[in-house]
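Naming follows writing order (A, B, C, D, E and F), and every chain is counted from residue 1.
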Amino acid sequence: MSNLVKEFNDYRSKMNEVILSKDNLVIKRLWNLDTNTYAEGALSTQTKEMLGLVASMVLRCDDCIKYHLGKCHELGITTAQMYEIFAVANIVGGTIVIPHTRRAAEYWEELIANN
Amino acid sequence: MSNLVKEFNDYRSKMNEVILSKDNLVIKRLWNLDTNTYAEGALSTQTKEMLGLVASMVLRCDDCIKYHLGKCHELGITTAQMYEIFAVANIVGGTIVIPHTRRAAEYWEELIANN
Amino acid sequence: MSNLVKEFNDYRSKMNEVILSKDNLVIKRLWNLDTNTYAEGALSTQTKEMLGLVASMVLRCDDCIKYHLGKCHELGITTAQMYEIFAVANIVGGTIVIPHTRRAAEYWEELIANN
Amino acid sequence: MSNLVKEFNDYRSKMNEVILSKDNLVIKRLWNLDTNTYAEGALSTQTKEMLGLVASMVLRCDDCIKYHLGKCHELGITTAQMYEIFAVANIVGGTIVIPHTRRAAEYWEELIANN
Amino acid sequence: MSNLVKEFNDYRSKMNEVILSKDNLVIKRLWNLDTNTYAEGALSTQTKEMLGLVASMVLRCDDCIKYHLGKCHELGITTAQMYEIFAVANIVGGTIVIPHTRRAAEYWEELIANN
Amino acid sequence: MSNLVKEFNDYRSKMNEVILSKDNLVIKRLWNLDTNTYAEGALSTQTKEMLGLVASMVLRCDDCIKYHLGKCHELGITTAQMYEIFAVANIVGGTIVIPHTRRAAEYWEELIANN
């Protein structure tokens, strides 16, 4: 696993553990629900992960972007498809999305280099 | 055409004409580019319109939502699929997306009632 | 009930019914969870509703603001307290919160006039 | 005065009066400070109003946009200049700014028609 | 003092000094006003700091979150109360608030470990 | 060139190259359009860069801020003028803009120290 990917996953796991150890029921249930949201349904998991990614991009949440990039990579989204998602995000959200696109592109390069 | 749909389309056309009459080159080119963004490519037009919709929902732009709802309806997105897009938007964007989901649901009802 | 309050509640009920009739499990569960979030706990319901209000104000969601204003009114928040919440929202979120504060103030006047 | 302009100004005045009558010191002082922000200084009032406008556009606050459009009109900003401000806002903020640009264009037409 | 807390406070002090040395009156007065906003009034300082925290969380400003976490810690907010604030922020603002909640949780751990 | 400025420029160049190598037409054209937006026109390049900066500040995009700070510096904006732009951004966008103002002030110091 590349540096960026490993760092992201490690920090995420460590802090999720801290948060869940506090037993806040609303947070626990929201996180379960979050997982359910991307399950196969009337739309495929692949489509839903792309929706989650574009939503994260226009809201400019780098860690959310990384998470969905990882999922999209696992699900076989190609680089050409990925850049069309980036294009929608940049057009809808404007040039303020560009710096986030740079970090997304960097993370994506690491994901495809490691597989 | 229903009231909401007609009102939205009429105001949109009227004001687009005013704006384009001013001959601002950047705005004209951005609008052309916007159209190109949703063209068939590595991703289907249908997928891209869904991406545009979910992005509009989390950014809470009612008119952008209406525009993409219209496009999704033309492209044959079903009601079950639509509500899965709504679900992603509500989970990613939180409960502040709910009022926009209400207006989206109302507009969608008019679109499907008018076939 | 005043006009603004009745209109808000009626539209909200009507559209919630439409949305829930589509049986999207994620949306249903998110809405249940939303209700639980404001239940009495380590913080009082009153404090939580104030938190929900200020969050809605800085995110500039007029309908979310109306909802929490109604709840705060039921729970006995005073006008002096309410304007201190408005002050926090305007300082944190800036002058773009002012137009939303105007609509919040109008709605609050109707709530206190009717009780 | 046109309809849109009069309506905006009337509602603004009426609600400002309500809010100020509650004597919340933080809000009062923030509003005074807001006025000072646009005073002649190292930058001209004209430049500052343009800054206030573009900030309001990318934050998508229609009432804030109307306010600064009124000020820019008083200060002699031309239509060609105005559309270049719109262009910056649309490029930086993306196509979600378009619906707000439509409403801004409509308001601007009324401002220039009445003078 | 822990690393994260010290780093945050040091950078904040250093840059505040730079900014204030430029004698911009609007910025100086806004910062004074910011301090007044959280003073004891119709609402307690504790409640106001919780309001400031939840507002910072839904607006996803990590440094603002750290600042209010520090204040809440000084004022005796418990971990159970803190996680109920986190829950409101995550429900209102959606799953994009989760990465900010992770960093908030990490900072909170350091605050409580050092006291 | 200072550290912050060099780091920003290097990363930006490296990732722009990666992104452009993927030949996504929409992204390429958006980036060209972005350049055109700030060209001399009815408004001067200087005014447009200030507009781009204030828009980036209220949208709280640190990298966008750095980019426009660099341009403003090249175009001869003074420190007094710069802090009036910061003031508008802080008033319109609220105290959540303060941490971004700190980083902007730090970057500005490096720009003026190196020239």
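By our rule, contacts are C-beta pairs under 8 Å (C-beta built on N, C-alpha and C of every residue); 3 or more make two chains touch, one makes a residue touch a chain.
Keep in mind that what you see is a predicted model, and the values were worked out from it rather than measured.
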| item | value |
| --- | --- |
| Shortest contact path, chain B to chain C, counted in steps | 1 |
| Graph separation of chain D and chain F (steps between touching chains) | 1 |
| Angle of the C-alpha superposing rotation, chain D to chain E, to the nearest 5 degrees | 180 |
| Chain pair among C-E, A-F or D-F whose interface repeats that of B-C, sharing over half of the contact pairs by residue number | A-F |
| Interface sides of chain A and chain F: same vs different residues, half threshold | different |
| Intercentroid distance (Cα basis), chain D paired with chain C, Å | 27 |
| Distance between chain centroids, defined by C-alpha means - chain B, chain E (Å) | 37 |
| Computed distance of Cα centres, chain C from chain A, in Å | 31 |
| Chain A and chain B, separation of their C-alpha mean positions in angstrom | 23 |
| Shared-contact residues (touching 2 or more other chains) in chain F | 26, 30, 33-34, 37, 55-56, 58-59, 64, 80, 83-84, 87, 90-93, 95-96 |
| Touch-based graph of the chains, sorted into line, ring, star, complete or other | complete |
| Complex interface listing, chain D residues touching chain B | 60, 79-80, 83-84, 86-87, 90-91, 95-96, 98-99, 101-103, 105-106, 109 |
| Sites on chain C touched by chain E in the complex | 33-34, 37-38, 41-43, 47-48, 50-52, 54-59, 64, 78, 80-81, 83-85, 87-89, 91-93 |
| Touching residues on chain D, where the partner in the complex is chain C | 11-12, 15-16, 18-19, 22, 24, 26-27, 30-31, 34, 55-56, 59, 61-64 |
| Partner chain B, residues of chain F touching it in the complex | 25-26, 29-30, 33, 36-37 |
| Chain A partner contacts - residues on chain D that touch it in the complex | 58, 90-97 |
